[in-house]
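In structure tokens below, several structures.
Here come two complexes built around chain A, the first alongside chain B, the second alongside chain C.
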Partner chain A sequence: MRRLAVTFVLFSLMVISTTSCTGVRQINQLAIVAAVGLDLGEKPGTIRLSAQIIRPADARGQTGAPSGGTGQPIYSVSAEGKTIFEAIRNLGRFTSRRVYWAHNFLIVMHEDYARKGINDMVDFFTRNHELRMSTWVAVTPNRPDEVIATITGLEVVPGEAVDRLFSNNHIVGQAPASNMMNLEETHLNATTQSLLARLQLVPRGISNKKPEEHGSIKQVELAGSAAFHDDKMVGWLTTKETRGVLFFLERLDNGIEVVSCPEGDEKISLEFHNARLKVEPFYRQSKPQFNITLKTDADIVESGCNSTLTGKKHEITQKLEQQLKQRVESAVDKAKQYHTDILKLGEIFHNKYPQEWRTLGPRWDTIFSELEPTIQVKASIKSTVVKVMGTKVK
Partner chain B sequence: MTNKIYISQGMLVAMIVNIIYVKAIGVTQGTLARAVGQDMWIATLLGILQGAVMIYATYLVVRAMPERDFIGIGEALLGRWFGILIALIFIVFFIAAFGPVMITFVYHLKDYFLPEAPLWMFIVAALLVGSLGCFYGLEVMGRIALVGMAFIFMLNLLITIGSTHEFDIRNLLPVFESGVKRTAAASLHYDADCALAIMLAALVLPIVKDVGKKGSRAAVMGIVVSGISVIMWAILESAVLSADVTSQYTVSCMKLARNAHIGDFLQRYEMIMIALYSLSALFQVMFCIYGTAEGAARLFGLKNNKWTIIPSSIVLGFFGYWVIEDHFRAIDYLEHYWPFIAVPIAFGMPLLMLGLSIMVGKKPDVSAAASK
Partner chain C sequence: MLPPLPAGIARIIAVIIAVSLPGYTNSGGEIGVMTGVAADTRQIAEENAKIAAEVQEMLKQPLKQMLKDNRADIDHIMGSSVDFQKRDFMLCGSADRPGICCYVDGLVDTVIVESILKALIVFGGELHHEPDKLPSAEDIRARLMINASVKPCLKLGEGITAVMSGDTLVLIEGFDEGILVSTKGWKDRGVEEPASENNVRGPRDGFSESIRTNTAHVRRRIRDPQLRIDGMVIGTRSKTDINIAYIADLVKIGLVDEVKQRLGRIKIDAILESGYVEEMIEDAPFSPFNTIQSTERPDKVASALLEGRVAIFIDNTPVVLVVPSFFWQFIQAPDDYYHRYWVGTFFRFVRYCAFMISLVLPSIYVMLVSFHHEMIPTSLALTIASGREVVPFPVLLEALLMEFAFELMREAGLRMPKPIGQAVSIVGSLIIGQAAVQAGLVSPFMVIVVAITGISSFAIPSYSSSLALRIFRFPLLIASGLFGLLGFATVFFALLLHALSIRSFGESYLAPASPFSRTAQRDMVLRLPMWMMDYRPEFAQDSVRSGEHLMPEPDKGNGNGKGNGKDGSQ
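Now for the complex of A and B:
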């Protein structure tokens, strides 16, 4: 009987202490953030934080059709503060609900903010337990609050649309899939520097009501990248340079390259696939050296040539190799120009030559900018898809 | 010790795995990453080897008198005062161990899920569940450990599936960059985790079935199985997160769980992780209460530990609260005090007892062990 009483008391105490009521937040009390913009504030030394908050009543369904709501699927607001945390707290002055970060898709920073340094941003968004590490991170030359409020693609919520852009980014292969996970890793790494995707507004949308006004609707474009040194942005990389970097960072294995026909100015589209980049470090005469080899297969997926391609395979292959080599070279050159090892070459050298690294490591930025790596590209055109070779010419 | 209950060898293996795993996969790996960077998995491996040797030494001590635990053996070797001293050492050890156990338990829950909940709530909830388990005894705790071990395997499987796409083997290189000496010294932190298992074995081995014949295999197997389960995390944290990122976090396994995802649908494993490892975390709490209560009962010459469970829980609760109330104090205690309390006690005691057995001349009573 006594045992039963003790068990009952213990269970009762457990039930009271484990009801999970402490700190409870109901979903209708939350302002669910889908995208965040960061910019320099109007007052010197301040930060402007913009948040795109989902309006659940208007964001439901495929089209966001209103049913007693406002018809606006998102509610965008901004606030300023001396730190990100303070800016967020200041948001609370006018958002009726508590800001909730766990479903944030995107953090987009203005170029000026990124050039000033992102230590605070990396720390805040990794220290905050609510944020998921798969949140995409990008830099924009436009106003971040405008970028996060621009509805692009087919999605109702702009943050979700950019999330889809990033998710399908490997198809285009012209911007890094930069998220908090890999940003934190490169940010903390002593050698490798960060590379973030570039988002910008482009007038590409066509109004269904006024199709003659081509480009009257702004869309968010994911193309190119921003290179960092330590915590500061040092410059932009074009889409072509970024593609070169992606071979190093994301093992980009397929994409489209357009080369000119063997005869004439017409173009051929080549889809490369199974691309594999190998970086071999060497240490000779007290200097680090690198052999970079890119091997890929390719298919001819479109030909606008006026002559048959029979017997031209070797020539087209050479053009593809030349073009891919240019991509890799331009990536290396731009990284060297910025004195920033976004290609992880230092890490590769460090792994193979840990002893030598002890002396080279502290001077790596200088050494990196003087590197002359050997770049070789070996392409092999394997297929012309469903056709035998080229379009028959009359 | 005149306990009539017996636990299976599988339960012993499960108890060892449970008592090591929870802290070792996160809190210890963060400490190791701060100490030796990407060599954290090597330090863990060295710790596993040392732990296996020391638990075998513990078995050798118990094999000599398979009906007695360490307190009983101490009494048999040098008399009652020595038994009391050993009981006192057990009490001190498990009170000291409750600090890291609570760091693991509370910081997982409070920092990631319930930042607004008061600290005392976690302590009270853990102690209530722990006391209840302890009240029902080692057999119940052994069964809980078996279920906990199944959960651990599930968690390891899930985290592996959710992390392999981010796996970068280059993050594990170069090996021994911190030097062999420093890596070996860092293994002390994993030794501190093994210390819990050694002290558990010192109390539990006498009630394991067939301890004389197969006790050593079960004990060493426990260290090896827990080692495999833990080293997976060490490798994943280093390769997926990188040592730089791992070193930034108090509970680095939660960071890995936060990063893991299977496709776009199953993201953020924190809650899955908490669900699957909660039994192991509570088992740690239970055994700390058991160790303290058992030591106290023997110190005061009580027949069983039922009357010492509540006082022990209160003492543990106050100490645990004091440690975790301040993060700085918690990390300082974890990295600079706990290993230097745990390892000398858990590694020193079996060696001392083994030496005394040889000197006093107590020979292994294999027939008694075999008859169990």
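Now for the complex of A and C:
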């Protein structure tokens, strides 16, 4: 019995030692990817994949130890292949470390790539266990490798900067916070179509050394969105249209609208908050109908008007309502124009009328483009902020 | 004096030597010399054994009537030890009644010995003039001796043992009975603050080496006649005094008998420290967990007795054993009860955290860094990666090296002569903290992890159980370095199952967490206010500890407190 036990222990020790730490990968032996760009390759039928890899030694100041760094926090490389996975494997030809994807912040696709179809990309990035579903996904009209390699100045790692852009997106409210999870959800849905954020490079950065050359540094801007039909991109949405869509998709509840003064051409800025969009589906005469109501509160946050606002509340409210209605309308119109239900109206109808949906579902694209939803906006100005007007005011 | 090697280890060493030195036994020329020496030593040993057997026989005999015979016996037994003193005297100054006073110099208070002699020689002469008026030893005890503790002694062995423990044996011509006078009085260390268990608020006295002083510490705290202290002697040569203290009407039923039975089993030549006893009566002899609490604090012992437990005092050591004991006790400190309960609960929480940190932090770090990088938040991952950029070792090796260096520093600091102790900490902190990082041998993060782990293990009040945790840290570390989360979970659960399976004198080691006891939770993770802790542990005979409605509250206005309003006010 004792002999058996000793044999067992010795045997298991030997077995353990033969594993020689299977799967062990030191964190400093990894090439941590912060952002990925996807583009069409030079040869037809190929994909160009560019990855932004963090160089930890330069991305983080190190205490004491000498770091023979280049001073560049990232190392950007690109590789081509017939599929995404082949391109990734080809990356390994010139990256000395194992490419590690779990900390990826961003996947950015070129417009052309997106227009050719993203089935492949959605499948790969959801199938691989190392990749996260919370990775942001965006489309760009610029070169994706340029977008991911652009250093913003505030964050050390550019991927992190775009990550923050997406996280704080709700303040600006001009692009959807589209991540892999949303994308897959809409991608798998038969009627709802995907809407991805749009990233572009804009010459907005001011050089500290040459301030007179305004806009000499390119910055990444998150504005607008790309609408998809099935797996193919069909067109862009402007920032204003995107805001309209965000009422539907992300329950956007605050933002800024600028309306003109009751008298004159000066502008008033209104901050709306507690906005609630309600979509009510109806089924009348074998036709689906939608009532869209938007209720919101608003504050006046900036007024350039030459006259007092006393008694003008109603007028301003109406202008705001009109403007918000226009936003929602433009979003609906654009979606109809592209024949893509990015507003998730089909889903809402499906939930309320599952029986009717069976007949309508297969034809939803055509039905959607013929919809005439009624849109109502109800705004109320809660605070004008008490402010004494000077005697100069007439 | 070194503790003797256990027989098993000695045998293994012998086998190793025999295997590794084949020429040792076979080299023909040396055999004769070797056997010659061996024969000599064997002969001497045999003779000594014969003498020892004779002495053993002699010790069992009763005392003889003739002083001459007794003196010869004593000389034979004691040999020529220089510290053994025999003082001759004449009872009442009369030449026909000689006597001797036997004691061990250094163990006795000579003032008391002088008082014995004064009584026998001077008072005897003054009061009775004639030794014949004192016909028996009983008379002498009753009518002459002024000492506090005087006993008759019939057997020689009994007398010798008493003399060895500091008493004085008085033998007088014509009596087949001796008189044993308690004259114990040696230099001891005095009462000092416990070295290994400090506190801020609470009594500062600690146990010392003298067993009687130690029991007195506890007796002073519990003036209950039900507090019993039973005596016992263990060790064929050391004849160490062992005292078993308990409160008769609180102690768990059967526990005292169990303790006595386990102690009675011990057959050993000497007990030099309570650790000897602990190892021979514990429930889980193979486990790194210690199932017996050891403490230097009388207040801890007193509170354990009041919970219905048993304390084992051992002579010549300041460490007292308490059974049964539970794992969580080792994380609790007396301060918890002496400070207010908010403070007590908070610091207890801190200590539970320290316990977890000291057990698992290095393992978790190693596991995350070498296997599960996706579990680290990105910016933290970057920071760790940048720190490790120049480190040449894998994380596991780095962690083991640092842990080893830390243990080395701790051990060196402990063994160093006190004046040099500071040098160790300066050199250690400089080398490990600063230079190793600058040289790129270890990452700064690893230094932080090891330092926090080290500090946490010092926050555990019971030093002996923090040692157990230290030992457990290494299998956990190696398993998580080899297999990641899988290895960590496996070893951790093995550990947990092992701890669950242990008992300490019939009580589950992890109680009251498992088996769960609702009332005992008042004093486990939380330390509820004193007025809410009204029950003793379940194994105590009498479980109610305090009265009802002890919470201090303002007088309700009718002078009689609450509840009396109905009938008392009219």
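Here, the second predicted complex is superposed on the first by the 358 of 394 C-alpha atoms of A that agree within 3 Å, B and C clash if a C-alpha of one lies under 4 Å from a C-alpha of the other, contacts with A are read in each partner's own complex, and residues count from 1 in each chain.
FYI, a contact is a pair of C-beta atoms (placed from the backbone, for glycine too) under 8 Å apart; a residue touches a chain by one contact, two chains touch by 3 or more.
Given the structure is predicted, the values throughout are model-derived calculations rather than measurements.
Trainee: With both complexes superposed on chain A, which partner does A:I54 reach: first (chain B), second (chain C), both or neither?
Mentor: The second partner, chain C, only.
Trainee: Is A:L188 in contact with chain B, with chain C, with both, or with neither (first, second, both, neither)?
Mentor: The first partner, chain B, only.
Trainee: Contacts for A:Y100 in the overlay, against chain B (first) and chain C (second): which applies, first, second, both or neither?
Mentor: A:Y100 contacts chain C only, not chain B.
Trainee: Is A:R363 touching anything from chain B or chain C once the two structures are fitted on A? First, second, both or neither.
Mentor: In the superposition, A:R363 touches no partner, neither chain B nor chain C.
Trainee: With the two structures laid over each other on chain A, which partner does A:S167 touch: chain B (first), chain C (second), both, or neither?
Mentor: So A:S167 only meets chain B here.
Trainee: Which holds for A:M133: it touches chain B only (first), chain C only (second), both, or neither?
Mentor: So A:M133 only meets chain B here.
Trainee: Between chain B (first) and chain C (second), which, if any, makes contact with A:G23: first, second, both or neither?
Mentor: In the superposition, A:G23 touches chain B and chain C alike.
Trainee: Is there a shared patch on chain A that both chain B and chain C touch, and which residues make it up?
Mentor: Residues 23, 132, which sit in both footprints.
Trainee: For the complex, which residues does chain C have touching chain A?
Mentor: 369-371, 373-374, 376, 378-379, 381-391, 394-396, 434, 437-438, 440, 444, 481-484
Trainee: Residue numbers of chain B touching chain A in their complex, please.
Mentor: 111-118, 121, 124-125, 128-129, 131-132, 135, 166, 170, 173-174, 177, 241-242, 244-245, 248, 258-259, 261, 264, 267-268
Trainee: Provide the residue numbers of chain A that touch chain C in the complex, in ascending order.
Mentor: 16, 19, 21, 23-28, 30, 32, 34, 54, 56-57, 59-67, 100, 102-103, 105, 130, 132, 157, 160
Trainee: State the interface residues of chain A toward chain B in the complex, per the touch definition above.
Mentor: Touch residues, chain A against chain B: 6-7, 10, 13-14, 17-18, 20, 22-23, 126, 129, 132-134, 167, 181, 184-185, 188-190, 344, 347-348, 350-352, 354.
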